[in-house]
Structure formats: C-alpha cells, structure tokens
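Scrolling down, you'll hit the structures one after another.
In the two assemblies presented below, chain A is common to both, partnered first by chain B and then by chain C.
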Partner chain A sequence: MSRATEFVFRRRGGRGWHWTDLFTWFWLVAGFVLMFGPAIWLVNSSFKTPAALAEFPPTILPYVTAEVTVEGYDKPLQLFEVTLEDGSVRVFAEVRRVGTVAQMVDPANPAEIIRVNIKDRTPVRTVSFATENYVQPFLAFDMFRYLSNSVFVTVMATIITLITNSMAAFALSKYNFRGRATVMVLIVATLMIPLSVILVPLYSVIAGMGLFNSLWGVILPTVATPTGVFMLRQYMLTIPDELIDAARMDKASEWQIYWRIILPLTAPALAVLAIFSVVWRWNDFLWPLIVLSRRELYTLQVALNTYAGETNVQWHFLLAMTVITMIPVVLVFVFLQRFITTGIAGAGLK
Partner chain B sequence: MSRITLTDLSRSYGPVEVLKHIDLDIRDGELIVFVGPSGCGKSTLLRQIAGLDRPTSGKIEIDGRDVTRVPAADRGLAMVFQSYALYPHMSVRQNLAFGLENARMAKDEIEKRIQEAARMLEISAYLDRRPGQLSGGQRQRVAIGRAIVRNPTAFLLDEPLSNLDAELRISTRAELAALHKRLGTTMVYVTHDQIEAMTLAHRIVVLRAGRIEQVGTPLELYNKPANRFVAGFIGAPRMNFLPASMFPGSAAAEIGIRPQHLRRATPGETGLKTTVVMIEALGSETVIHAENGGQRVLAVLPGQQQLSPGDEIALAYDAKDLHPFDKDGLRLP
Partner chain C sequence: MLVAPVGWLARLFDPPLRALQRVGGYGGMAVFFLAPNMLVFGIFVLFPLVLNLVYSTTGGAALFLGDRSFVGLAQYERLFDCSNYLDPKSCAEDLFWTAVWNTAGFVVVQVVLMVVVALVTALVLNRELKARSFWRAVFFFPVLLSPVVVGLIWKWILQRQGLLNLGLYELGLTQVNWLIERGWAFTAAVGVSIWAHVGFYALILLAGLQAIPKDLYEAAEMDGTRPARMFWRITLPLLMPNLIVVLVLVLIRSVQIFDEVYVLTGGGPGTATLYLTQYIYEIGFASHLRNPGLASAASILMGGVLVVLTLLQLGIGRRNEARGKK
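Up next, the complex of A and B:
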C-alpha cells in the first residue's frame, strides 16, 4: 500500500514540487473530471426524481426531501430544519407556504401552527435512488422489445460484417488480379464519405428493395465497412503465402483455404473488428431513425429519442435508459480493451 | 510410376525471364537435386512441377500425362516447404489429416496412415501438440510426415534442411536418404548447398540464371564439369582457375585444378612456384592460400604442415587432374 502511494506521489527530482509535477497533476485531474464527470453525472442523475432533476443548483447525488405523515393532514408533509429565534434547531413539517412565511407544525404536536420565515428553514434531505426510473420503462413502455431489436441488429450485422469483410480482405491480400490496388484504394477512399452524404440515395435503395421499416434495412447497408476490410487485409498480409501453397498441395479448395486456414489465423483481427462492429451498430442512431418508423421496430437508441417530445422531455427515463444502453459498450471496452489496443497497433489504424 | 518430363519450359514475370527453355527428364524412383546459387530459378522450377505456378510456355508431363494446366491438387504430388508451412492453429495430427480429409478419405484409413507415418518418423509422442510447441527438427519431421501420409507419386522438397542447425542438418540428411530408399518414390530436392546435393542425389541438376548448366551424377559433375560455372560450384574449397600460360603446352584459355589435387612437390619435381599467404590448419588437413604472380592458389594438403606465411613452396599436380576450359568457359575434351 505504501509503495502504491509512494508511486502515485513520486515527484521529479526528489523532494520539491517541480512545475512539471504540478502541471502533470493538473492535467491528469482535469482530464479525469472532463472524461468521467459527465458519465458520473449521468449515472447519478438517472436515479433522481423529476423534481430533483429540475432543481437548481444541481447536486451530484440524488437527494429527496424527507417527508412525514402528520395526524390531521391527508398528504405527507415535507420536513425542514428550523432555526428558532432563541437559536435552537428543531425539525418541523411544512403545511403550506404563504409568501416568505411558511406555516409549520411540530410532528409531535400537530395542533399548533408555527410561522417561520423561509430564510430560517432548510429542507431535511436524504440520499435516495429513484429505481422506478429503471423499472417503469420496462413495465410501461416496450423497452424489452427495443432491447431485443438492438441485440438482433447488432448480432446479425456483426456476423455478416465479419464474413463479408474477411472474404474481401482474403481476396485483396492473397490473390493477384488486375486492378487489385485500384479496388483497395476505392474501398479505403469510401472512408472519407460520411453517412449523411449518401443518406438520400441509400434511402432510395433501401425503399426500392422493400426494406423500409425492416430491421434488415438497418443491417444490410452497414455490413460492408472499409475499416474492417482494410484492417483484416493488413492482418492477412502477415500470413505466409507458403501456408496457402501447402493447403493447395493438400487438395484444399479455395473455400477450404479461406474457412479452415485463413479465418482461424485471422482470429485476433476478427475479434477486434467484432468489438468495433458491436459498438458501432449498438450506438447507431441516424440510420435506424430513418429506416424505422414503426414503433415496435425501434432500436434502443431510436426509442430513447421518443422520451424527448416536442414540449416535454422525460429526463428521468431518458437518463436511466441511456445508462442501460451504455452498459454493453462499457463492458465490451472493460473486458476486451486488450484486444482493441493490440488490434489497432497491428493494423496501424486510428 | 512417376516419371516427370519437362519440355522447353519457360517462365517469365513481365520482362524478367526466370526459367529459360528447361528440358529435363526425371526418372521413376530417382532422387534428383536442383542446385544453384540463389536466384537461379530452382525454386521457381519446383513450383512449376508442383503446379503452384504456371509456365509461360512449355510442357510438364507426369507419367506421360500432360499436367501443364492441371491444378496442384490434382497432380498427386506432395511438397515439403522451406518454412515447413505447418498450419499453426492445428495439432500435428490435424496437420497430417488435413490433406486426407480434403481427399474425402475414410476416418479409419486416415488414422491408420497417420499412425504409420508417425511411427516411421518417430513423431507419435507429440501428435496432439501444436507446431508452435515443437522444436525445429520436430517440425521438419511433421512437414515430411504431412507429405508421406498423402502417398504421393513424387515428393518435392524445397530447401527442407535450411532452417536446421548444422548438426541436425547432417543427421536429417541421412534420414532423408534412408527414407527415400525405403519409400522408393521419386523425390525432387531443391537446395543451394552443394554438399547436400552431392551426398543425397542420384543426379544433380545445376542451374544458373534460369538455365540448366549440367545434369549428371555427383561424381560426373565433380570429375567432368561441363563448364567453368559447374566446376566452380561443385566441390569445396572452390576450384582454382589459372591462366593457361602457367601450364606450358596447354591449348586451353584457362585451366582449373581442385585444391585437393595439388600437393607439395618432391625435390626434383616441377610445379607451381608459390608464396604462402595464409594457412588454415584444420587438423586433419591444411588449407594453404598461396600466390603466384598475383594469382591466388588454394591447396588442401593432407595432415599438418610446418609452414608459415612468406614461405616459398612448389605445388605439384597430375596432368589428369587438370580441367581445361576454352575462352567461353566450356570444357575442352
């Protein structure tokens, strides 16, 4: 333990604080807040009630004002700490507020009304997690359906991406044919075209194929990724050609060479592409929003959007469901980041 | 039966001619070695026979059947690669079985063949290991095993020993020779190592720059090299090439003499007068680097010689050991 603290607080040149030490600390702390602040805020806010969300200034933790049921009053009353004129502090329940004066009762003695200036009272607050933000959408809305739509799209798109991209990469890395370099350049060049540019023609194609309002309409246009082809090709270039020659001597068909030799040997790169594909497809918003207009086909990301209406945003549900949709991606990064870094290093990709 | 005939075989990559009009007849059951310096086209020639590459022109026949356009899988040959090319994700057993499975052979027949090959090559103990867990020599055996289980009409071996250390290379070489004797199958063996070629081959094919320089038994090549290149390539240390003017009465442009055929002149015997420049004492023999009028002469003398640099010695030879070459480097009768 002491060695860990010693390591963390190690400074340049022994005892004193060099300006680079201060700069490093500042930089790292600022970076930490910048990166984790929004995530922590999101998670904590997702447990707040709508009232707590609307509160200003906002709090980090989800607080609720404590309430008590007092004899003679139908509704539960909110509790406040009141500083009396003699300086003593008591806990009273507020009955109503008129201007700057609050009418309060002592829960132990509900008959007597005490008037208190609102400056002299502070609410009694406790940390409380509004788990109904999480439960309610699954009960009242069709969250399970949206979840299963998202899983279907992600899994199918990833499987098809792996198969088609690895086939293309195999051809581009292991066969010599005229125009190979041109094809490769064309594929890589499509990296430069963002989705929004081809949105309209792509929509026409999908509509023409009758895939509008179908999950396949979401899946199919996304499966051919230039990043995937490029990454797999770079990896396959490192597989020695002699292995393929050996397989040919062993009477293997080209399909068997692909399936039994190339694919197993490309597994590390395939794992990286699978991770990327899962994250991409899970987080897709714009394209599913365009293709899917029937509610029961919504993916999670599109469904989230429905919590933001024209006049009213249901922030508590929106935040809670955002946390839910983040979980798979976070898990992927936590458990598979080792593959991601090695894969990126191997393929020389960003 | 497996007789391989190459007729007027050429292969070019763009403007570069790698093989030029190769004519060769490989006899049934023969162990033939392609030897030559790197870049001479010997591996390319082997790949043409294997079917991994197509000739630009010419014909390849196996047992009289034209296979020039037949894909590698259907030629019935097996190949051992320089890097062994074992499938790294499969166990040794799966490596051996892969070719047989592709040929849709029955499971028990596959197992029988694997056991047989494993016993022959003494690899039974690690049939379930991956190639990555094997030593270089063990991988080499597995690579040969993968060729054997196929029961091919001929074996093609592309520098199979070049990745082994010197000691293992010698023992594996002997095992390969024994294996060939036992199987009796035609073997085509590519190497750049002339010692390997000399020890293994029934016949040697010497290649240079895409052409066959000479085909013959090891001793034919050693005793009667067809040209200056073969003379220089076969035999170690390299043959001395000296201007004919140093040998009175010779009509040749150049005379070759092997270092082993030079000896110290006995008193009264005439010979080449040389000055010793360097001595390599190997114990059983001594390699003398000597000089005569700017010409380097190498001599391998038996036993240990009491000589030091600067000594004058006369080197004698027998006239029958001289190899006369004309100005084009071709052997004169």
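Up next, the complex of A and C:
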C-alpha cells in the first residue's frame, strides 16, 4: 500500500509535494468545473420538458413520465409501477387520484379499476430528449428571423470593418502626410469613449439618417473600430517599403498596391480582426436594443432579453434559444481560440 | 474561391482610382484610403461627442435638437441638487445618486476581487503544467460568451429551483433567493462579472509573467531564497506594469458595467443593482420619465471619469517606459 501511494505521489526531480502544488491542482480543477459547468448545465437543461424543469430536486438526465393511451379514455394516461399486496410489481395507468388513493387500470384490461395507495406506486420514467424545445422556437416564434438578422449584422459589419480598417491602416502606415499624427491620436483617443457615453446623441444621429429600426443602424456605427485600425497598422508597419517602391516602378497604381500587395501580406492580422469582429458583433446587446424596436428586426441577443423579461418565462424555449445563440461562439472557441489568446497576449487588446 | 470575386471587384475599381491618383497624387490617395473609416468615425463617434454637450443643455422629451428648448445648465443642476450626496433620497434625481453609489460600491469590490483572482489564475497557469494551453483556454471560455448568454446561464443557476439551491439542499442547508435578496443580488452581480471576464485579464498577466527572465529565479534559488520571498521580490515588482494596466482596464470596464447584470437582475431587487449605464439607458430611452437631456448630462459626467482613468493609465504607461529606458 505504502509503495502504491509512493508511486502515485512521486514527482519528477524527487522533490516532495509543496502546498502550492496542491493549490495549483485545486485551482485548475475548480476552474474547470466553474467555467464549463454552468454552460454544460444550460445545455443539459435545454433538453428537458417543462414538467422536468419544474421538478425539485432536478435530475441530471432529462426524464419524462411514460404515458400510454388506454381504450375508453381520451387523454393519454401516466404509467406507474405498482407494488401489489402480494409483493408482485405490475405496471398500471392512472385514471385519477382522490386523496391518497389512486384509481388505476391495467392497460391490457381497461375495464377493471384498481384502487392503489399512492405510497405503493412510483412513476415509470424514461430518458427522453425534448428536442421540441429546439424545433418549436423556429416554428412558433420568429427564431429563424432573429438568427438571420444576427447573421446579417455580423457578416456585413465584419466585411465593412475589414475593408475600411485595412484601408485606413494602409494610409497610416505607408504614407507620409500632414496630420497623420493627429489622426492617430484621434483614433487612439476614441478607445476611451465607450458607447454608453454617446448613447443619446448617437441615437439622434441614427434617427436623423432614417436608420432607426434598420439593421444598418446597428451595423454602421460599429465598423470604424479603433482597435482594428491600430492592430492592422502595427502589422503593416512590418511590411518592407521596398516592395511598394518596386511596384510603383512597375507602374502599379496605389489601389493595386493596396489590394495586390498589402492585403495578401496582412492576411494573418486580417484573420485575427475578422475573428474578433465576428465575436463582438454577434454579442452586441445595448446598441441593437436601442436601435431596434420592431420584433421582426431583433437580433438574437435582443430577442433573448425580451423573452427572458416576460412575466411567464418559458424557460424550456429560452434555454434552447440560448444554446443556439452560444453555438457560433463555442465554434470560435474550439477552433480559433488559439488566435484570439495569442492576439490578446501580444497586444493586450479587446 | 472566395478570393476570385473579391479580386474581380477590386479590379473594377482600378480605372477610376487611377484617374483619381493622376489628379490627387500620392497625398490624395492617402486621403482616399483614410476617408471611409474617418467618415464613419466622424459621423458616429466625434459628431455625437460634440452633440452630447449640446444635448445636455436642452430640456424636454423631444428627440431632435430642433424641437428642444435651451435650458442652460439646468440638467446638471438637477443632477447635483442634493441636500446630502450620501443619501440619494435627499436628491432631486434620487435614481442618479443611487446608481452612482451602487456603481462605486460595485467598482471597489469587483476591481479588488477581479485583480486578485486574475493574478492567482495567472500564477497557477505560469507553473510547469502539462497542457498549459488547454488550461489557459478553460479560463478563457466565458470571455467569448455574449453578456446576454452569461446573464441567462447564471439566472438559470441562481433561480429559486436552480443548481445552486440544489447544492444547498443536498448539503442540508436552507435555500436562498439569490436574485431577490439585496445583498445576494449584489454578490451575484460581482461574481458573474468576474466569472465572465477573469480569463481575459489572467491572459494579460500570464503574458507578463512569461516575460520575466527565468535566470532571475535560478540565481535566487542558488542563493537559497525561499519561494515566498521570490514572489514578493522578483515576480511582483517585475509584473507591476502589467498589473497596473489590468487594474486600470478593470476599473474602466467596471464603471460601465451594464449588459450581463441588466439581464441577470434587471437592476433589481428594487434598485439594488442599478448601475450608471442602466440609469443613462432608462432615463434616455426606456422609462416613462424620458429625459434625453438629463441622460446626456449624466453620460458626460461618466465620460469625464473614464477620461481621467484612461489618462492615468497612459501616464503610468509612459512612466514605466521611461523607467525601462534608464
């Protein structure tokens, strides 16, 4: 035994355990449970029926009480396992319950009513995933509309962000002109002006342009991201000027230099900005909440907030809709997380 | 496949832009490349910024400036009309001061806890770990989630029959109405915002830790320095620049806290978790007491605080740089 524990706890380098080793493992395991647990619980709950969601204590797996249609009864009846007086166990369907006595029938022989004390029966439950939670929002609510609104805003905003930011970054990194320093200061300065500081006047600008209740009103104010310009400029500064000079000698126009030389060479930085932009725009909440007041224009985030704010929250639908909203971001996390973390660690930006 | 139509489209622009270049020269092209971004920037950031000052001196519920009356500094006077600033009930605009003090309390508690948790996480991740990038990703996961999703995930866990109350029930403890009791709602707001963002700050601190030269520790070990002393004398001083950047970033973000708390508690119970951004949003847009001028004035005050905090960060950054050069 002591040999076994020695084997399990032995460490590289022959040193003993320090309290910091134990703490490290505690922190990592607790972090793992705490960071993923809530999201996993959400996904798990989203497959339960309203009845299972209302249950306390909740079960881990989504159970439903089995039902059966019995001749002579309109509604399907719930199945119970009943322990009879002689100790044998049978499966009966419940017709009605009066106090502590349940009136039950044998599904095979529906004519005869059997009276059973409710202590002697347990519901027959089977694991079943309530996929209708996912299907219903598309059929009964405008889930498809919200989804396509969110996709439209995210894709359009990202494309325009990439174009305008890369053009500005090109001008700021490869041209010498008067006022360049001023423009840079202006761009960096706006990093400190969050949306919440200009909420009211920005709204009046959007309304004045006739973009209230329009998806373009959500998209346009977000595309001139200072972070994006800054990030792309830093990257373009590393591209040697000789390339541009050579192209100019070959009579390439400035526009050609931009899209045939600069853009391809900036591809890695553009990819990182694209990932950032997709996550930002998909997750935007406050601004769409203000600009969009018609239900058919809602993005997913605004729609979720609206359904969560109703007096009778239909949690089974809301949970499923939340999971759907999470999917693109989880995909980014699984496949592209590396680019984001190195991007942040390198530049400290968000 | 994706590149082909883009190239085709770009080629279409070439002749007119060549003509533009002939007229405007290289300098003109620089302006052309800057124009789209700066136009958007001017219309949707700089112009509203100036407009905000004008709005804050007008009254009424009308949206467009032409329909609003000039009231001078009346909106600011209303915000500061208080017999005792510490007691929101004595103020003309009691919700504003409730939000101010709520935000102040939130900022103090959240910033301290966030920095400590981020630092501990970064220190743990900086140890010799197998699969470090995996563990780093674990803590980063919630950072990507939208604030609305974060709010709903936790609303589901903290509700009366939620997972947390199940835990208490299994342990034989009394259940708690997490989002209905004032103190617990505040705790939930702080906890959830830390959960959602700590991975981001841990990442910045981890980058700082990995930049500390390893030979410093080796030299200290040769001298027989104890690990605790190494932490206080090597790690902490060399991490200080990153730590201050994180501190100011957390400060700036927590002053503007809105989305996830709004979804989680809606500012409630009562006004227990009503913070400044929500106040601005509700006075400006949502409430029946709509008063855009007042919202503008409040947002300018908040903007002032943020500018001071950012300048503080830039100042510290410059001082660090200067020290590094020496």
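Keep this in mind: the second predicted complex is superposed on the first by the 243 of 350 C-alpha atoms of A that agree within 3 Å, B and C clash if a C-alpha of one lies under 4 Å from a C-alpha of the other, contacts with A are read in each partner's own complex, and residues count from 1 in each chain.
As a convention for this text, contacts are C-beta pairs under 8 Å (C-beta built on N, C-alpha and C of every residue); 3 or more make two chains touch, one makes a residue touch a chain.
Note that the structure is predicted; figures quoted are calculated from it, not measured.
Once the complexes are laid over each other on chain A, chain B and chain C both fit without any clash. Once chain A of one complex is fitted onto chain A of the other, the partner contacts of A:F32 are limited to chain C, with no touch recorded for chain B. Touched residues of chain A were counted for both chain B and chain C, and C has more of them.
By the touch criterion stated above, A:W41 is placed in contact with chain C alone, chain B being left untouched. Within the superposed three-chain model, A:W19 lies out of touch with both chain B and chain C [touch as defined at top]. By the touch criterion defined above, A:T190 lies against chain C but remains apart from chain B after alignment on the C-alpha atoms of chain A.
With both structures placed on the common chain, the touch criterion links A:Q256 to chain B and to chain C.
Between chain B and chain C, the smallest C-alpha to C-alpha distance in the superposed model amounts to 8 Å. Touching of chain A by both chain B and chain C, each in its own complex, is seen for residues 253, 256.
In the complex of the two chains, the chain B residues touching chain A come out as 47, 50-52, 71-74, 77-79, 81-83, 85-89, 98-99, 102-103, 146, 150. For chain A in complex with chain B, the residues that touch the partner chain are 240, 242-243, 245-253, 256, 260-261, 264-265.
Interface of chain C with chain A (complex): residues 7, 10, 13-14, 17-18, 21, 26-27, 29-31, 33-34, 36-38, 40-41, 43-49, 51-52, 54-55, 63-65, 120-121, 124, 127, 129, 133, 135-142, 144-149, 151-157, 161, 163, 166, 169-170, 195, 199-200, 203-204, 206-207, 227, 245, 252, 256, 258-259, 263, 266, 276-277, 280-281, 284-285, 292, 295-296, 299-300, 302-303, 306-307, 310. Listed in rising order, the residues of chain A touching chain C in the complex are 18, 20, 23-24, 27-28, 31-32, 34-36, 38-39, 41-42, 45, 54-58, 163-165, 167-168, 170-172, 175, 177, 183, 186-187, 190-194, 196-205, 207-208, 220-221, 223-224, 229, 253-256, 258-259, 279, 282-283, 285-286, 290, 301, 304-305, 308-309, 315, 318-319, 322, 325-326, 329-330, 332-333, 337-338, 340-341, 344-346, 348, 350.
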